[in-house]
Amino acid sequence: MEILIYGAVTSAIYAMLAVGFTLIFGVARVLNLAHGSFYALGAYSAYVLTTLAGLPLWLAALLSIGLVAVFGILVEKILIRPQRESQLGVLMISLATALVVEQVLFLTFGSEYRNVPAFIDTKFNLWGVDVAGQRLLTLAVAVVAIGGLYAFIQFTRLGSAILAISQDPLAAKYMGIPSDRIFSLVMGISAGLAALAGVMAGPFLSVQPSMHLLPIVKAFAIVVVGGLGSIPGSIAAAFMLGYAETLVAYGISGSWTEIVSVLATLLMLVFRPAGLFGKRAAF
Amino acid sequence: MSALLEIRQLDKHFGGLHVLKHFNMTLQAGEIVGILGPNGAGKTTLFNLLTGFIPADSGEVMLHGKSIRQMKANAIVGMGMARTFQLCRPFIGLTVLENVLVGSLGPRVKHHDLGERAMHLLSQVGLADKAQQASESLSYGDLRRLEIARALATEPELLLLDEPFAGLGSIEIEALSALIRQLHQQQHLTILLIEHKLREFMQLVSRVVAIDFGEIIAEGSPSEIVNHPRVIEAYIGKQNPLDWDPHA
Amino acid sequence: MKTFKGLDAVSSWAGLAALVLLAVMPVVFTSNYLVGVLTVAAIYGIWSVSWDFMSGLTGRENFGHSLFIGVGAYAAGFLNVQFGLGPWWSLPVSMLVAMVFALVLGFPTLRLKGPYFALAMLSSAVIMQRLMLIFWEYTGGEEGIQDITPLIANHLHYYWFVLAVLGIVTLLLSWLAKSRWGLILRAIRGDEATCLAAGLPITHYKILSLVISAAFAGLGGALYAHYQLQVSPQLFAVVTSITVITMVYVGGMGSIYGPVGGALLLTVMTEGLRDFGEWRLMVYSMLLIFILFFLPNGIIAPVWHKWRHKGQQP
């Protein structure tokens, strides 16, 4: 039972990270290695706004998400877009950006772990399992956020524009869809989702400058398993990975969870590079 | 005499689209055959299937009686089938000569001095004087010749040319046509080429296979094809009919 | 007409002169500190050259080079401390270990187009770093493996040894790059589909070049281990990979010799930035961004190229 709940929470966080990652790839063909930085900045921003600026938590959270979203848009516009010709140029510049962010965080806050306050401090008891309220809230928020995103894409005009661009960027352009603005929007959403994950998970996951790396590794693993560019794939794979890690943590030991993602990635690449739901194969 | 190339019931879907429908064709050694069809008919897909760049759903392709359908692209080149591409893709950053040299590094070439052989190929296609130029700086017509030289460098028996005349002016088309004819005679090559305009290869080919929507609609000599009702029907409404000149 | 040129005379003499100059410098300036800096610079040079051979030529950028560096270094550490073998065993073993990793990682990822290779290498390096920390009972955790015995006790002599290795590796890889091997790798960078159409098994070549790249990276790692006399998980950090990549960019990707200059330049610069302390890594990352935007062809190789071909018309 514990596994069921904790697995769900982990999966939810991974899903928020992976969906944003795959979204910006599906739409703009950008593999953003600074995605983890948005996660980190979300957590740190919440920390700063509550601890140092004394704002109420809910306000700090909203502001953090907004700030990071704007930051994401700026990064996309200034740093990534000029490199868009070369996919590797994008990788390089986003990685360099991630490192600069890491260094800034390190220089400003030092390398000790920081405490981000939780929304709900109490523990709940679900079906005989003690769960921190924050974790449950994270799960709920993730469901709402991703559900909202899905609804947005399926049912609004803007959402259809996004879908169109991801399927055929050139055709979309000819139909007058302003792709550059859509890229910015998608980047903002992607960064915002990652920041949300950081804000929600900050209280119970580690907050230190290099926290951006593992999310990238996991997001990549999830996206490979689920299929690059497929949102349902990312969600499915996020749950698979989340539960696989939780099982490993309970069954073997917490240390081995890291290997799960790398193994999953390599195995998938060997046997089915397109992933489970991948639209385009890697060939 | 068994055929050089045999295609049997070759079939391919892209999602819901049935791009190639149980395609059958044979090619004898020494022929020059043209595949004619409007855009979207499935010609380039056929080439990609034959050369191993995309996998077929079902069917059989036999080169010299050996099945090559499941083989990898570079292995098929090793069996003697080379191709050019519709959109010329030279190796960026390499000179003209180096482009041809890369073609000579494949499994079929037993020559000792590859540089000399590459220069020889370049002079055959008329690019010898441009050997040290950057390949990206070539004109479109020259790029086509480079493609052919590179394909020839692999020592093929069967050469597949994908829309070699696309984008060329009439003088260049004449010259390229003459070059292809010359290579066919001198090197005893079998040639299969794709075009969507009949005029270009009327003089060049001995047999035409016309396709539309992934299946063969007519087969015969160029003059037979020109007057074939189904072929005419396939082209009306798909292209500018003025492009279509049965008496060219 | 000779087609596959070997290294031409001017370049060879220039390279030799540079080596001699480097060897002599610490003797002239009699400074142990200088010897130390130059040794590290030379090792970075080996790492940079090895990266350039694979990624610079094929254009498939390896974001996890630190993995090969780290496993080479840790192999040296294990062999020396845990198994008590003499330090000279480290050299071949570290190369072998790195090559095995390259095979295992390269096979699934290099077959595929797109970013899978770059990202998988990055992920693997990150995971390796975590693993070194997680299995601290075996690896020494944060502190790593200590008390490694040096290969050559005398610092100056060790420096000359490392310099010699750098020279040999650069020569070997330059020669390979100018041979038909290098031609194929550059063609892979140009257009993979056309390479296939030319009958070349490109995946084999990509994997093979990664293995070679890894071998020398691991060798450099072992040399580093026997210099620092300790290895820590920091070697696996992304920063190591980025530093190497920056050095290659500064030197000029694909030139093989350029990265050596890049390594020297940046190591010396880093020492100069010592006062900045914690800001060093930040400066590196910003430098990389700057170069990506304004100097994608690097500094050293283009300058050398221009100087050499001053009189000649293209």
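The chains carry the letters A, B and C, assigned in the order they are written, with residues numbered from 1 in each.
Methods note: a contact is a pair of C-beta atoms (placed from the backbone, for glycine too) under 8 Å apart; a residue touches a chain by one contact, two chains touch by 3 or more.
Computed from a prediction, not measured in an experiment: that's the story for all the values here.
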{"item": "Minimum number of chain-to-chain contact steps, subunit B to subunit C", "value": "1"}
{"item": "Far-end chain from subunit C, centres as C-alpha averages", "value": "B"}
{"item": "Geometric centre: closest chain by C-alpha means", "value": "C"}
{"item": "Subunit B-subunit C separation of Cα centroids, rounded to whole Å", "value": "43"}
{"item": "Subunit A and subunit C: spacing of chain centres that average the CA atoms, whole Å", "value": "32"}
{"item": "CA centroid of subunit A to CA centroid of subunit B, Å", "value": "47"}
{"item": "Subunit A: positions in contact with at least two other chains", "value": "none"}
{"item": "Partner subunit C, residues of subunit A touching it in the complex", "value": "31, 33, 79, 82-83, 87-89, 91-93, 95-97, 99-100, 103-104, 106-107, 213-214, 216-217, 220-221, 224, 228, 255, 258-259, 261-262, 265-266, 269-270, 273, 282-283"}
{"item": "Of subunit B, residues touching subunit C in the complex", "value": "51-53, 72-75, 77-78, 82-85, 89-94, 97-99, 101-103, 105-108, 114-116, 118-119, 150-151, 153-154"}
{"item": "Residue ranges of subunit C touching subunit A (in the complex, touch as defined)", "value": "59, 61, 63, 105, 107-109, 111-116, 118-120, 122-124, 126-127, 130-131, 134-135, 238-239, 242, 245, 278-279, 281-282, 284-286, 288-289, 292-293"}
{"item": "Of subunit C, residues touching subunit B in the complex", "value": "1-4, 180, 183-184, 186-187, 189-191, 193-202"}
